Structures are given as C-alpha cells and as structure tokens.
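The structures considered in this document are given below.
Both of the next two complexes hold subunit A, though its partner changes from subunit B to subunit C.
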Partner chain A sequence: MKRVYVNEEWCLGCHLCEYNCAFANSGARDMVTALKGKPILPRIRVEGEGDVTYAVSCRHCRDPICIRGCISGALHKEGGTVCIDREKCVGCLTCVLLCPYGAVLPGPDGAAMKCELCLKNACGEPACAAGCPNRAIVYEEREEETV
Partner chain B sequence: MSGINFLFPEFEVVRNDDRCIRCRVCERQCANEVHFYDAARDRVFSDESKCVNCQRCVSLCPTRALKIVRSDCRLRENANWDSDTIREVYKQAESGGVLLSSMGNPKPLPVYWDKLLINASQVTNPSIDPLREPMETRVFLGKKPKTLERDGNGKLKTELTPQLELDIPVMFSAMSYGSISYNAHASLARAATALGTCYNTGEGGLHEDFYKYGPNTIVQVASGRFGVHEDFLQAGAAIEIKMGQGAKPGIGGHLPGAKVGPDVSRTRMIPEGSDAISPAPHHDIYSIEDLRQLVWSLKEATGHVKPVIVKVAAVHNIAAIASGIARSGADIIAIDGFRGGTGAAPTRIRDHVGIPIELALASVDARLREEGIRDRVSLVAGGSIRSSADVVKAVALGADACYIATAAVLALGCHLCRTCQSGKCNWGIATQRPDLAKRLNPDIGSQRLINLMTAWKREIMELMGGMGINSIEALRGNRLMLRGVGLNETELRILGVSHAGE
Partner chain C sequence: MKRYVIVGGGIAGVSCVEGIRSRDPEGEITLVAAEETSNYGRPLISYYLEGKTDLRRMSWRGEDFYEKNRVTALHAAAAEKLDPAAGELTLSTGARLPYDALCVCTGSHPFSPRFEGLETVEKRFFFTTMADALALEQTVTKESRVLVVGAGFIGLKCAEGLRDRAGSVTVCDLAEHAMSANLDPDCAPILERHLVKSGLRLLLGNTVTRFEGQKAHMQSGETLEFDVLVIAIGVRPETGLFAAAGGDVGRGIRVNEKQETSLPKIWAAGDCTESMDVSAGEPGVLAVLPNAALQGFCAGANMAGGAEVFDKGIKMNSIGFFGLHIMSAGSYTEPIYTEVAEDGCKKLFAKDGVLTGFILIGDVARAGIYTSLIRERTPLESVDLEALKKAPSLLPLGRAYRAEKLGGAV
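And now, the complex of A and B:
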C-alpha cells in the first residue's frame, strides 16, 4: 500500500508539512482562515533541529499497537490505513502512550487525532507530501513493509 | 568608515499581515536573515537592508503573504548619474575595493536575437509536421572530413576523427564544483545523461561520485589546472581548454577559501580552505603554437579518441582568433558572448568587456568559410541563449550547438538575484553550505532540466518544420532563414542576413 515516507537527507526543517497538514484537516477553504491566529494542530511533526530534521507521522503499521491498545474501538484499519473514529474515542490516550513514533496525538477536544493519509479530507492525498518543497516527504508504494 | 550608511535598501519586503499565519518559513529559509519573528508582539518583521530579492521566501510562503518590491526610495533623477552608478561610487568610497557581481551582464545593451526573425514555408515549399514526420535534432561535433572514400564493398576508408554525439544541439556549459553545489552538479550530470547531451565540469575537477556520468561529461582544463589528472581526462567524452569566459574576458577566476571544503578540496586537489585562484592567462600559452601544443598534449594523453574543445570569450578580434584555433588542431571552438553568466566577476569587466555572441558567431562562421577551414571545427555558441528560438537563430548563424548555463540554473530554481559571490544561495545552487546545498534535491533538479530541454527540443522541431527543414544539419549556417529588424547596414553585413522585407 502507498505510505508516507520521509527522507531526512532532503528535509529542510521548513515545517511547511505541519501547516499543510493542519490546513488539510481543518476543513476550511483557505489556509489563512484555517490557521491565522489559531493553534496549529498538525498530525505530522518535524523533529530534530539544526542540520538534521525529519518529519514524523503515522507509519500505518501492519499490526498497529495503537489499535491493540484501543479500549473503545475508535482506532481501526480501513484497507491498511489506520483510522480513528473520533466519535467513539473516549480520550483515554492509551494510543498516545503506546505509539512508538509519537504519531498519535491528543486533540483539542480530548479525543486523539492522527494521520489518516488525507484520505478523509478534501485534499485526497497526503498534503504533507504534496506540499513538500524538496520531496523530502513522499507518498509512494514501497517493497518494504513496516512493523 | 563612518556611522553613516549611504546605501538605502534596494528592496522592500511587503508582508500582508492579514495573510501571515506566523509559520515562520520565511525566517527559516532566508540565509540572509532578513525575516525575524517577535514573540512578544506575535509578528514577523524584516530587515530589508539584507534582502537580495532571491524570492525564496515568496516562493515558499504558504499563504502568499509576501512580495519583494523595488524600493521607491529614490535619489534625485539624473539621466547621466543614474542610481546604480551613484551607489557603486558610494560602495567603492566605503570599501576601496573592486566591485564584484554575478551572473550575466544586466545592462540594456542590444540583444540581437530579438532583432532576428525566423522564416516559415508558405505555398511553394511545404512545411513539415514534426508530430507526423521524422525530424532530426542530433548533431555530431568535431572535425569533418573534406571527402569520404569507400572501398569496393562500400566500407568507409576515410578515417574519422573523434566526434561528440548529441541528441539535441544544446549542452550545459561549464560551472565548476565549488562555484555551484554538489547537488547542482548531480542534477546537471543526471539530466545530461538522460537527454543524450553533455554537461561541463568547469574548472574544478570531477567529483568522484560523478565519474559514472563520464560519457556525458566534458572535462575542462583551465588556467589553474584544478583537479586535472589522467583519470579526469580519461573520464570525459571531450576535453575543453578554457581560454576565456564571456562574463569576464581577459581575467581568471577566484574561488574563495570559504567555499573550499573537504570535498571541493579533494576534487580540486588543493588544501582545504585555500583560495583557488585561476590565473588570467594559461602560463604555458602565449601563442597559437603554444595552444596547439596543449591541444595535442591532451589528445596524446587520452589516446586521440576524444575531441578537444577550445573555449574563448567573444572579443574584438574573435574571427582571427577562431581561425588560429581552427588551425591549432582543436576539434570544436566554443565562443562565449558578453552576456554569459558567472559565479563572480569584477562588475566593470562583466559589464564592459567583450562583444555580443550573435555578432561574434556570425563573423567567425563567415571567416572560417572564407578561409576554407569551416569543416575543421564545430562551433558552439554560448553567452545567454535564453530559449529554443535563440538556439534556432544561433544554428542559422552557423553554430553546430549551443551552450546554456543561466537557463539551466534558472530551471534549478535560480531567480537571478545576482549575488552568487556571497555563497549564501538560498536555492542551494551557488553555495557550499550543507544546509543550503540540501535545498536542491537532484531528483527534482534533474527532472526540471529534462523538462526544459524536452520542451526546447519540441519547439526546435516545430520551428524547423515550419521552415520546411527536417534536420538541424540543414539549418546550420542557413542565414536565408533569418531576417533582421531595426538593424543598420553594418549589423546586417556582419550578421550576414537581409533586412525583413528584402
């Protein structure tokens, strides 16, 4: 399946992926309306600083430990993509503690939030990859399977 | 010298605060440190005095909140003492130094390409549709035999001298590793290989990672001989002796020590951190005979299988110079016009020395024909070839192929801010700073170069088809396909074209 991969060799640490992600998931028509003067809630985060930076988001693991730990059944798989039904989420944040990548995050309303590859928002394909200025983030099919 | 700065900022950074979302990408991406975020006021501010108008922030701003405009702060209008001239006096009065600039001559001198128009077929001679009929853009650069002899079986008896085969009549001209980044070289090398043309190492040797692109590499030997050794010469498809450069005829080069890091040092074979100074002349070339010795030394060193190019700047006596080079044994002459680019040159030399490539090319082609030695060499024209139309016009004026570099770096992201000499290229091209060089991902860079050349190739075929010509060879020196507009008698005579309407 197609996944988001990050190549830190080309990551500039510009953080645009975070803003593109937050915008894509905001449901707003333009980025200014979506993000101006508001807290930015991206599902992808740029880690590291200085010369080495890289974006981290959900790996969509084959056997996701977050789903195994979810007490409410909110986290589930949809054709390989790890999705969250935020209506079902009770906000226990077990998933946040379990995720080895730190890719599941507490949302502003108490429910957890995570990358769903922009399949459920208007973007249609991961906004982080589409907007990356240096192709450090790519959305592609690869042989290797993550855990 | 004093606390007064006579130079007001050239540009203004206009930030639409209604749109700015404080993402700070401008601040993170500006190597000149123009933008800064003030947390206390939650606003982004700018110090426009540092801005070079490279447009990196404008291109990356996700809400298009930024524009860079020319400052309308003005000195009193004066047609003789224009603002730039006065600023240069201020700079020199402050520093006492030679003014430095980059890229090509920006002065409003005539661009003859824009005063030449191309012919098309109507009624009596049919035009050709390149989408339906074969159209040849392949060229072979090198010495051509006067006649061909065949044996009884039709096999060629004439021994051909080495040729450089190109799928398109455009090559990427010399830019050294040092003046441009590793990733810029990687992009050029990969694109040249994919396109079936050549890129040029410039005077800086060949990075060990790029030997695999050898069949599409022209290796350059210049006055500083940086990075020249046997393997380097063997690696290339052709060897270029650089006698001059259009942007700075008559002078050498200077790569500041700050750009000579471990990799550049190893590739150039000079100590880390030392300035790489290319002398103005080759210290072993003071005559055509000396040049002949170097041409044949290089041929001997590489087993006579590679064509040798001699690159010269277009200067006043270019026709006589080219005639001498053609007799020196060189296979190809590259002529670089005065609008050619550079990573750094003294401003006065860039702006005032040399002649236009159009006139130089036309006079060289005519002179070599008159002397009956045109077939001894191929001609490559460079120095601001901006489009496929310029390529077609150059070929019609007698070029076998063109060299492009400014257009190539534009494809890589250059915005012609003309501050390469600072080494702080925000686009990752003219820099050796690792954090800046990584901004040019060769996967993207090479693809953009391939796209540009593919587009030009299609346009060249369209233009040729319109003229009823199906092979670039049939266009070469075909000046009947050109007409001049707004040119005087002397210009028309030198260009060898009639005026439009004639």
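And now, the complex of A and C:
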C-alpha cells in the first residue's frame, strides 16, 4: 500500500507539514480561518535538533499494536490504513503507551488522534507530503507487501 | 474441517477468533462465554458509569463480529468439564463440544478476603463485569454513600465512575498508598492529592475490620456508615476448569511463548495465564488488556497451524483519573532517572543495560517509545540515553533506526 515515508536527509525542519496537516484536518476552507490564533494540532510532528530534523507520523504498521491493545476498539483498520473512531475512544491513551514511534497523540477533546492519511478529510491524500517543499515527506508505494 | 472451541468471550477469546481466522477461514469455531455480554473492553465499565460510552459503542470488534467471522457464540454458558483425553468440553447444560484445538480464555475472578460480617451488607458488589456496572447503575443514587474497599486501579476507576452518580465516595486500602501495585511512594502522592481534589475521600493504611449492616468498623477505630459497598481488592486468574483437567497451573495457567499449555491441543491466553515477563526475567500474571489481545491472537493463529510467538510480554498500563494520566510499564528495578513535581512525575528504571520500567504521571506524550525499548530489550549503549531520559523521541535511537522505521514498511 501507499504510505507516508520520510527522507530525513532532505528535511529542512520548516514545519510546513504540521501546518498542512492541521489545516487539512480542521475542516475549514482556508488556512487563516483554520489556524490563525488557534492551537495547531497536527498529527505529524517534526522533531530533531540542529541539522537533524525529520517528521514522524503513523506508520500504518502491518500488525499495529495500538489496534490490538485499544481498550475500546476505537482503533481499527480500513484497508491498510489505521483509523480511529473518535466517538468510541474513551481517551485512556493505551495507544500512546503502546505506539513505538510516538505517533498517536492525545487530542484536544480527550480522545486520541492520529494520521489517517487524509483519506477521511477533504484533502483525499496526505497533505503533509503534497505540501512538502523538498520531498522530505513522500506518499508512495515503497515495498512489496508480504501480508 | 477443524473444530475450534474457545472458552471465554473477553478480549483474549475474541482475539483468538481473529488469530484463527487469519489462517483458517473454514474451520468451525464455537465460543463459550460465561457472561451475557461478550466482546467488550472490560476496562470500559467505569467509563460506562461515567457516561463516556454506552453499550453499543462498547462492542470491541463490533456487534456483527461473530456473524462476520462465522462463530457460534454461546452466552451465559458455563463450561463444566474439560476432558483432554477425549478432546471434549462439557457444558453445564450437558452439551458436549468435541474439539481439535481449544483455547482457555477464562480471565480472572474478583478476590475477597474474609471480612467478618460481610454477609450482613445488603448492597455489595464487585467491579469486574458489565453486569456489575449495570447493577451499580441501578443501585447508586444521588443520596448513596459509596464505600470502595481497594485503591488499586479497579477500585479507583469505579470510584471515578461513581463520583457524579453518588452522594459521596470513600475509598480505603490497607496499603499506605493508592495504586500501590503500579506506583511507588514518590509518585503515588501526586495521584492521591488529585483524587482528593476531585472529590473522593481516601483512607489509606486503613481498612475494614468488620462489617455490621451499613457500618464499616475501620482499623483506625473509626466507624464509617455507607449505603453501597464495592469490593475491589484484586483479581485472581480463573484456572479451575483447566486445573481440574490435570493441567499445569502456577499463579495462572502456565503457557509457553506459543501460548501452548501442558495439555495436548489446549492453548490458553489472557488474564488466566502466567507467562514470561521479559522485564523481570521471570514468569508473571501479565493481566492487562493489550497482553490478552496479543496472546489471544497468537494462540488462535497457532491453533490454526501458525508459528506465532508472544515473547515480549510485560505489565503495562495507561489509566486516567479525572483528567490526570498515569502510565506505568515493566519492572521497577534500579532507578536511572527521577523527576517528581507537584502535579507530575517521571521515573525510569534499568537493569543489565536495558530499560526495564517506567512510571509517568501528567506528561505521558510518546511514552510508547519507552515501552518499546523495554519490550524489545534494546541495549541502552546503542542509544543516546541522556537525551532519552529527558524526552522520549526517535532522535536518540539513531539514524539507522529511523531510516528503517520511517523509511520502510513496518
């Protein structure tokens, strides 16, 4: 399946992916309405320091431990994409305890939030990759699936 | 066609179905559930009382799960006798279920020491099943004075769930600190202060010596009056069925990393089992939902001819009380990092060059990076430990690790 991949050596640390992600998931029509004066809550985060920066978002693991361990059954797969039913989520954050990449985040309303590859918002494909100026984030088929 | 029998409809049992179906779409699966409801996340019962979920949303894998997976699910059914020689399970109704592979997922049962006069308490409950939650919902009113005996996570989650439904909620525990099995004396006071601020009454280092109707005579000499009693002292693996069949039982049903038991064609998974705790280097009862799910899937896949292993088991818990998040994992060996503030803390433990455990209260972001280091037994000499102590991130794990995980399918 197509996934979001990170080319660390090309990341400028510009954080544009975070803004594009927060905007794409805001439901708002323009970026100013979505983000100006509001907390930015992206599901992708740029981390690192100095020369080394890179973005981290859900890896959409083949056998995601977050789904196995989710106490409410809110986390589930749709196709290969790990999605969260935020109505079902009770905010226990077991997913945060389990994700080896730190890619599931506590959301503003208590429920967890995570990257769903923009398949559920108006963007339709990952806004982080689409807007990355340096192809440090790409959305592509990279490996033959074994499962 | 292979005949599978699963005893138990909790998370291990449901995950066992998923494991079987991952390899065998054809076999006949019969699931025997003791409760009237199955396929629900047991820890959700306190969220139900709190009004944060409802019966429909509590269905763990969806209400059509059994139908979609072609499972014959028998509810409110009691497994009475397991005959490994004949390969047959007998139910209390007399019905016999022959099997080619069986998985014991019987979970645990609440445990209560013998309190003098307990039988004189009219309204008394445990808090481990949906039925318990529904009964409490019916019983507790705005006037009820609730007494919870046990300040572990079951008792405290129950207290949280009842706070807004009851007149008052008091929690007592013989231990000096709340959640004494998960927190240490440095961290527990942070939780205790928060619970009291949130409206609970806590009586620690103090428990009931004798009940007399609606009175609890406490060790301190105090007499507490209450209307509703919840006993939440602990749970024990439910091993009776398996032990009676001659199976090997320690503190729980003994299983290997394939979830095989000592009996042929019988696997076991979840809270009823005892398995290797990689952070402690010895077997333990790792009774938390994620482990039940992982073990159940592993058992199911292997019952259908697979070669799965569950070999990274540790105790791990994420829990919140009135908005304060607490995470704990692994074994508390030698502290390598301690940070304790008024409203949060962080403690990391290591031994023999690997991270073995942590306690986090308050800031729990990205704790899974620590959990993963414990489960994978990652040598600490291969990471930038000083940076990791300060904050969990992928930076201290090195470029090669990131290239593999962020640049490839995992």
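As a convention for this text, the second predicted complex is superposed on the first by the 143 of 147 C-alpha atoms of A that agree within 3 Å, B and C clash if a C-alpha of one lies under 4 Å from a C-alpha of the other, contacts with A are read in each partner's own complex, and residues count from 1 in each chain.
Definition applied: a contact is a pair of C-beta atoms (placed from the backbone, for glycine too) under 8 Å apart; a residue touches a chain by one contact, two chains touch by 3 or more.
Computed from a predicted structure; not experimentally measured.
Superposition of the two complexes onto subunit A shows subunit B and subunit C fitting side by side, with no clash. Residue contacts after overlaying the shared chain place A:Ile71 against subunit C, while subunit B stays out of touching range.
Residue contacts after overlaying the shared chain place A:Tyr139 against neither subunit B nor subunit C. Contacts of A:Leu97 after superposition on the shared chain: subunit C is touched, whereas subunit B is not.
Comparing subunit B with subunit C, the partner in contact with more residues of subunit A is C. With the two structures overlaid on their shared chain A, subunit B and subunit C come no closer than 17 Å at the level of C-alpha atoms. By the touch criterion given at the top, residues 18-21, 23-25, 28-29, 59-60, 62-63, 434-435, 438-439, 441, 443-444 of subunit B touch subunit A in their complex. Per the touch definition, subunit C reaches subunit A in the complex via residues 15, 41, 43-44, 47, 52-53, 57-62, 289-290, 293-294, 297, 316-320, 325, 327, 329, 364-369, 371-372, 392-395, 399, 402-403, 405-410. Residues of subunit A touching subunit C in their complex: 3, 5-8, 47-49, 52, 54, 56, 59, 61-62, 65, 68-73, 87-88, 90-102, 104-106, 142-143, 145.
Touching subunit B in their complex are the following residues of subunit A: 9-10, 12-16, 18-20, 23, 30-32, 35-36, 40, 51, 131, 133-136.
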